[in-house]
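I've put the structures underneath this note.
In the two assemblies presented below, chain A is common to both, partnered first by chain B and then by chain C.
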Partner chain A sequence: MNEPQANDIPAKLTRCFSAVFPELSVQQIASARLETVERWDSVAGVTLATAIEEEFGIELDSPALEQLVSFRSILDYLTGLNAARGLPPIETIEHA
Partner chain B sequence: MKLVEALEALNESPRPESPVLEIHLACGFTPLHFLTFLNAHLRREFPEHKIAVEAGLFGDLPGNLERLERAQGSAVVAIIEWQDLDPRLGIRQLGGWAPRQLGDITQNVRGQAARLSDSLESIARRNNVTLALPTLPLPPVAFTPGWLLSPFESELRELVAGLASRLGRSPGVRLVSSQRLDRGSPCSSRFDVKSELSTGFPYSLSHADNLAALIAHIIRNPIAKKGLITDLDDTFWMGVLGEVNVEGIFWDLDHRAQKHGLYQQMLASLSAAGILLAIASKNDPGLVEEAFRRANPILPRDRIFPLEVNWGPKSASVSRILQTWNISADSVVFIDDSFLDLAEVKNAHPDMECLRFPLDDDKAAYQLLEDLRDMFGKSSLSAEDEIRLDSIRASHTFIEATRTHEYTPECFLREAEGKLTVSFLKHPPDPRALELINKTNQFNLNGKRHTELSWKQYLNEANVFLLVASYEDKFGPLGKIAVVAGRSENYKLSLDHWVMSCRAFSRRIEHACLLHLFQKFDAKEAAFDFLVTPRNGPLRDFFADIVGSVPQTSFSMTRQQLLDNCPPIFLRFQEPSDE
Partner chain C sequence: MQIRITSLTEQELPAVHAFNLRIAANAPFFLPEGISHPRPNNSLVEPAISWTHYLAMEGLEVRGGFLLMEQPAVVEGQVRRVCNSQSMLSEGICDRKYGVVSLQMLKYIERNKEYPFMVGMGSMQASLPRLLMGAGWTVRAIPFLFRIQNVRKFLYEMRVFRDSGYRQAAAQAASVTGAGWLGAKLLQWRPMLSNRELRGLTLTPITTWGAWADEIWSQYERHCSFAVLRDRSTLQLLYPLNGDRVRACVVHYGSRPVGWAAWLNTPMQNDKYFGNLHVVTILDCIAPPEYADIVAHLIADHVSESQADLLISNQAHSLWVHAFRRSGFLTASSNYLLATSRKFSAAIQAGGGEERLHLTRGDSDGRIHL
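Entry: the complex of A and B
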């Protein structure tokens, strides 16, 4: 399993979102939520989760998947995983 | 390719005017990421096309195939996994794995295989089918331990092998090679249980990626190389002939030279499949002839033409070989053990594939054989493949004969006893016609190429005609050498494609074909979808002779213009009556 580098997390996650929802700008991705992105249906959700698993070298279990309903919640989850592995905290992401 | 990369590839917009390549995907599982990877790999293989992949219904492979039986001129991708042959061979249904059920599973697989086979054969009559047979491991159904090959598993594998054997004989079906799939996607890492249970998608991402890449490559069906030029010393055989004489060259196990024997064996196989072989060697010509006569290599001397053996630069020998073959450098592979000679040839012919014979590396030598198979491989052999070498020799003899001073072209052509046979059969499409359209450069109306799919779609248009001409004379047959395709309406021909093999030049076959079309369709005028290409000078010259100037774009020619400017034709004409 690949260890995600702390500073890579926001950029890699943004790339996953951008690949699945190409119509979203970087700013829109930062605030993306299940209920606000029209194309975030079950297929898009599975694709996004699989892309994240592959990009970060992790496996998302069912309880985790249910919580991952926004860019921010996924970022927090991945950051938590990093912290649990003893890696330094990530830098604040800037989308301005 | 990673999933994110595949998704990003799909987000790149092709040019609006790009032609659409429609693919029908039939599988029993939910295609999910496989669809993404297939789309992405097809975009790589067909960068000039818009790709549209349409998938059928989840869980209904037989139904999806039956619906496709009505399709025409399409590309179909079919994937059969074990669970499509019997749901008990999957993990989404609980039908039982008891020993007493194994016989019933086998029976069911047999019946389902026959049904799917009938359906695929029916689709393949009018479409191109790319088929993958079970790629996933069997579930732990049998009562035997996993390290034992059970009779149950043997029988299932025999049934699938029978299915492959039957469908492999169908001209419209191409099967994914399981051996090649194994190379990129090891069996143990193909099945994603979690994904199969949660979404109905059974493939790991790497397996989906590898399978999609292979299928996309099969659909593109890349054009094979036409000719191979090889060095002799320390390549074709082990040893430097000029130093060790005929007694000192080897290609066998006893002399640790087996890789040279395998190389010769591969060349003999390529030659029998219609690939042109020539030799470019810095050597004494007399000694080389003696070596072929006395040492009796696996590849006989008469399968090599021409033999350029001299002390001059290799690039000059290669140039003369290309001239004799009359094919371009990008269709040829040059093999030599010398880095210097490889660099010199590459410098003179940048488009040529130049490969080193790995003299001191058995593994690399074996890899070279695999690479040659891929570069020269084709899905089927044609009658033209069998006669290609003789045809090149005949053409060479023909050209040499026309150079003698005693003969005028008229006198020579009269005595050549040329015979032109034309066919207007469109269905089933003659693969040689598409091959000529996609390979010919010099006598080519516009350089426009077709995929197998777009060619079938074009021929399916009701008013399109296709002329395929074969030629032979007393020097030997040239096989199918010309293709004309177009439409005829209101006494007017509209020609969309016209190609002729360079081997058929100087026989006035082009005049004969055009005259025949005017007569057959009672046309007064012909419009040509002509485009100047960097290499279609011979066709430009032909048009200039008939209409008085070199056309720069689409133009028309009257029948009278052709009759007024047509030189005498000495060809017997034959059009089979069974059309």
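Entry: the complex of A and C
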């Protein structure tokens, strides 16, 4: 796995979301949820999962796929993954 | 939401029925409410082809399902078990909350099946092909070939000519003036086979698959980067000849079997593409490369004697695309797609590439609307 720097994770994840939902601003991405983003359907979900796998060099297992419902839940998952690898916790980046 | 994938049993049938009711307003089809492919009991022999229905369950509720058809195939020169996924359906089509179910099902297939693929799917713009491309699968159209036998009826019945008033008028004019007939003859021109070329060749309709099928397969398989096995035992399952649907023939050169073909003979009734045309679909054919042209020619001429208005075929292998082109077939846009996972796509490339991929309407459920 490509070991991301802890504070890279939100930025990388934001990039993934931007690629799939180019119409969303960075602020909108931070609060994006499956229920609130109109274009977030099965196709977008699969594309997002693929983008995350490629960006982070991981393979999303079944529990991980269940987190693919919001930016925050995915971020929490990736943070937990980082922590499990003994890397320092991320610094939450608050978008104004 | 915790989704688990499990094979369908009698126990889940009530939940399947409830699922089908929930999705009824949006569903293009439904999950089966019966067990149509029972597993053989205590069988020590793995069947050549097996079908298993799977469900995506959230607790006791069904949130989706799919069918896997597993069969032996040649991949990169080795016999492997490939897995064709069909009829994938999720509750995400009517409730976005379950949009992740499709992904869960797809990931299950990728994790548990080494060579998964899907066929059909309608068009590149349909949601399933787009979903698969999003997952990194390769999706490509399988070439569509056709030969018009009855030009007047073709121009009248083909629904594509009724898409607009202009097209309809143009088709009628082409029919009445004879321009359509002349155009078809020119475009579909092919050289007649000489007596010398035909000498020694015989085409024989068959009602059973014989040992000769193994011989032909052994000569053909090495020319394929991927092909579902088409030996005698699998042909009996792929193209059963004991009913009234599939017809087949074998071509001999002297006493040596050199090719076979299977086809459907369908008088269409108000079909959304073919109207009321009598359509013969050449489902499948194989022959060693040196005989492909002549086998295609003989088969096309044979099936065209059955009052066919139109002959059609989908062929992936360049050998057959060229053979049917040289037999007067034309090509048109195809809605018959093949999708392969990343690993499977890499194996196809390593085995000689997509031009050597043998896939036809006979594979999977490709013949379903024909």
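Quick note on the criterion: the second predicted complex is superposed on the first by the 96 of 96 C-alpha atoms of A that agree within 3 Å, B and C clash if a C-alpha of one lies under 4 Å from a C-alpha of the other, contacts with A are read in each partner's own complex, and residues count from 1 in each chain.
In this section, a contact is a pair of C-beta atoms (placed from the backbone, for glycine too) under 8 Å apart; a residue touches a chain by one contact, two chains touch by 3 or more.
No experiment lies behind these values; they were computed from the predicted model shown.
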Query: Superposed on chain A, are chain B and chain C clashing or fitting side by side?
result: clash
- prompt: A:Leu78 contacts which: chain B (first), chain C (second), both, neither?
  reply: neither
Task: Once the structures are superposed on A, label A:Val69 by its partner contacts, choosing first (chain B), second (chain C), both or neither.
output: second
Message: Under the stated touch criterion, which partner chain does A:Glu55 make contact with: chain B (first), chain C (second), both, or neither?
response: first
Message: With both complexes superposed on chain A, which partner does A:Ile29 reach: first (chain B), second (chain C), both or neither?
response: neither
Query: Now for A:Cys16: first (chain B), second (chain C), both, or neither, which partner does it touch?
result: first
Statement: Superposing both complexes on chain A puts chain C into chain B at one of 56-64, 218-226 or 236-244, namely 218-226
Common interface positions of chain A, toward chain B and toward chain C: 43, 46-47, 50, 62
Chain A to chain C touching residues, read off their complex: 34-35, 40-47, 49-50, 60, 62, 65-66, 68-69
- line: chain B partner, complex, touching residues on chain A are 15-16, 18-20, 22, 43, 46-47, 50-51, 54-55, 59, 62
Statement: Residue positions on chain C within touch of chain A in the complex are 1-4, 90, 92, 96-97, 99-104, 106-108, 127, 130-132, 134-136
Message: Give the list of chain B residues in touch with chain A in this complex.
response: 2-4, 7-8, 11, 32-33, 36, 194-195, 198-199, 205
